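Alright, structures below, take your time with them.
Two complexes follow with chain A in common, the first pairing it with chain B and the second with chain C.
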Partner chain A sequence: MKKHWWKVLGVLLVLYSFAMGLLTPLKTGILDAQPASVRAGKSVTLLVTGYNSFYTKNPKEIRAWLKMDNERAMAAKNVEVVGDRDLKAIFDLPQFLPVDKKVQDFTLILDSPTDGASVLPSGVFVTQDSIDKTAGEALWQNANISGLHEKAAITFPFRNILGETIRNTYYHVPLWFAMFILFIAATVTSIKYLRKMDPNDDAKAAALTTVGILYGVLGLVTGAIWAKNTWGAYWSFDVKQNMTAVGLLIYCAYFVLRASFEDPEKRARISAVYNIFAFSTLIPLLYVIPKLTDSLHPGAGGNIAFGSQDLDNTMRMVFYPAIIGWTLMGVWMAHLVFRAGRLKRLLLEG
Partner chain B sequence: MDRKQPNDSTMFKAVKKALTTFSLFLFPFSFLVAQEDADFMRSMGKMYVVVAVIAAIFIGIVIFLVYLDRKLTKLENQINNHQNG
Partner chain C sequence: MEIKHLLHKEFTLEWRQKYAISGILLYVLSTVFIVYISFQTVSPQLWNVLFWIIMLFASINAVVKSFVQESGQRQLYYYQLANPVAILLSKMIYNTSLLLLLSVLTFVALGFMAGNPVEQAGRFALALLLGSVGFSITFTFVSAIAAKADNSSTLMAILSFPVVIPILLLLVNLSAHSIGLLQGTMINRDIMMLAAVDLILVALGLVLFPYLWRD
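Let's look at the complex of A and B:
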């Protein structure tokens, strides 16, 4: 049992990521505000639909704002709670807005002591009949958004398009991290093979690459399912999707190469060299090219991955253990493949 | 006609193998087809997308287990042949 502690640890970490990742609720969010498009100069009643919200708990203390930019926001005249998930926010819109645009988008912000603050980015579009910036500035009654509450519970962030799928951060993303770690390990064993010429190292590299490809394919499949329901298509020809597909094909060619040699020593030597080459192409494919162009993925095309926007501290508590867990599980799987391969070699030799 | 028996059994094996491989590849896809119903997938805050992702990972690991199982079966057969022959 002592020898197997890392396998137990891997399983426990993955189990923990399943339990924590699935049981922790999301923060309160705003699903929808109707009408989404209103005219300036009128009193407008927004019907707001909340997510994971408990508006009836303290209906008197709920506040609402329409935020235009970092300095300017207007407060709701009145907030009427209809149900736990429905409320009406009434705004008196001025005749003119202090902008040079005909249509201005506003971010709806709600604050409640039980639920904390929730946001619907660009939730309401206000159209003004004519543009008069100075009149708009004179009419504007600015409200300070202050005293926002935090929900007093362990929660994951609510993002409008993502919804509950933010949890896929613990199931889709760690597969890629674990794949990369397995490929690093495979490359290191390949280098070790070229130095020491121990056939076990070659077998280890091949086993680690097998599991790495399994993780990569699973990463593509889980990513496609996630993309279908958030980006709208299984495959959007996003640069990161394309480049990972190319990277995985390069790694698949590793096994085609291995199958094409009869002589085990020649196979081991050439595939070790190829493995180093494959890994060295993986870094630009996965981490350089996607950063140079526009991408839907966070962490590419100017989006900063793992900023507070994508991953808060509660999420980190699940995300990092998931990476370690899947890596250990992957090493375990690779170890099984390696042992099966070693038995085969012993059989052929004996 | 005399050779019908062995032919049938090899064909049966080949068909069985083809079907198994095919169904293994089909499995994840059946899942993608099942989630064509976007309304269902996007109900409950898109929670079923997470369910589908976890199920896909599970299926992937099962496919890996089948691969390993076959590899070991082949080895066992080799060992058996080795001992018998």
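Let's look at the complex of A and C:
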């Protein structure tokens, strides 16, 4: 048992990431506010649809704001709760807005003692008939957004568009991390083979690459499912998807190369050289080219990486263990592939 | 010094058996002709893509022979005489010059038959240069790997196509810019990227080749 603790740890961490990742509820959010486009100078009633919300619990204490920028926001005149997931927020919009634009977007913010604060970014667009910034500034009644409540429960953040698919962060992303770690390990063992010429190193590198490709395919599939829900199609010819497919092709060619040699020593040497070569082409493919072109993927095409904004501490509690768990499982699988290969070799040698 | 003699050997060999180079030239001309016949009018966008596709296939055909052409025994003899790294370098330099010639020829032929949409000649020439260097480095190294196996020409295609895609994408971008299909200041970054990829591949080739040549 002492020798195998890391296998147990890997399985436990992956199971933990499954359980936590799927069972933890999301924070309260706002799905939709209707009408999304209104005219200035009128009193509007916004029909707000909530997500995971319990508006009926404290209907008197729910407050709503329309936020224009970090300094300016206006408070709702009245908030009427219709049901747990529906409420009406009534705003008196001034005739002029203190801006130079015809159309200004507002972020809808709700706060309730039971659910905490929830946000719909750019949820409402206000169109004004004519622009008068000074009149707008005179008419503006600023309301400070303060005393926001925090929901006292373990939850994942709610993001519009992402919704429940935010949970894929614990499967798609850790699989990629683990794949990368496995490919690095395969490269290191390949370098070791070229220095020491130990046939075991070659078998290890091949096993690590096999599992790495498996993780890569899984990462691609989970990414495609995620893309179906957020970008609208499984495969949208996004540069990140295409380059990933190419990267996996490069690694698949590794096995074609291995299969085309009879002599084990020659096969080991040449596939070690190719493995190092493949890894060094993988980095520009996955991490440099997607950054340079237009892409929908976070962390590519000028988009910010997912982790910098959307990963909160609750998510980190699942995300990092998931990476470690998948990596350990991968190493274990590679170890099994390696041992099966070694037994086959021994049988052949008689 | 070694490289100079080895290069001299490469050019002499090529000059003696002209079938290789003339075969490639004929290949380019006939591909361009087929393209012209089937498309009649070629839009600048199509021109750009076609040019690089013709270049890609012509380059593979031109470079694949660099390690396959000569017999194993003779190669062993070379490795006794010269440093393997020098042999690889001389092959890369020789292939670069061959591909440069090839790209200029493709450009002339395609320009003659389908018109010349290039607006910034200097930038397009840079794309040709970086492209020839990139293709030659990648294909030379991959052909060194593929030559070790029996079914080397299939293996050559399998191994080199995925590897060359990033280079090809950057090249298509760069030449689209020189044709005027793309605007923007990002192009200098593309050039830097291309040069960086070329450099990485050269460095990798030089580091890994000493493990490759021995049999």
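Operating definition for what follows: the second predicted complex is superposed on the first by the 343 of 350 C-alpha atoms of A that agree within 3 Å, B and C clash if a C-alpha of one lies under 4 Å from a C-alpha of the other, contacts with A are read in each partner's own complex, and residues count from 1 in each chain.
As a working rule, a residue touches a chain if its C-beta (ideal position, glycine included) is under 8 Å from a C-beta of that chain, and two chains touch if they have at least 3 such contacts.
Remember, predicted model here, so these are calculated numbers, not experimental data.
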| item | value |
| --- | --- |
| Touched partner set for A:F277, first chain B, second chain C, both or neither | second |
| Contacts of A:A253 with chain B and chain C, given as first, second, both or neither | second |
| Chain B versus chain C as contact partner of A:Y55, first or second or both or neither | neither |
| Which superposed partner A:M243 touches (first chain B, second chain C, both, neither) | second |
| Partner chain in contact with A:W65 - chain B first, chain C second, else both or neither | neither |
| Touching partner for A:F177 - first (chain B), second (chain C), both, neither | neither |
| Contacting residues of chain A [partner chain C, same complex] | 194, 243, 246-247, 249-250, 253, 256-257, 260-261, 266, 269-270, 272-274, 276-278, 280-281, 284-285, 288-289, 292 |
| Footprint of chain A on chain C - complex, ascending | 141, 145, 148-151, 155, 158-159, 161-163, 165-166, 169-170, 186, 189-190, 193, 197, 200, 204, 208, 211-212, 214-215 |
| Touch list for chain B against partner chain A, complex | 28, 31-32, 35, 38, 41-42, 44-47, 49-50, 52-54, 56-57, 60, 64, 68, 71-72, 75, 78-79, 82 |
| Residues of chain A that touch chain B when the two form their complex | 18, 22, 26, 51, 162-165, 167-168, 171-172, 175, 211, 214, 217-218, 221-222, 224-226, 228-230, 234, 333, 336-337, 340, 343-344, 347 |
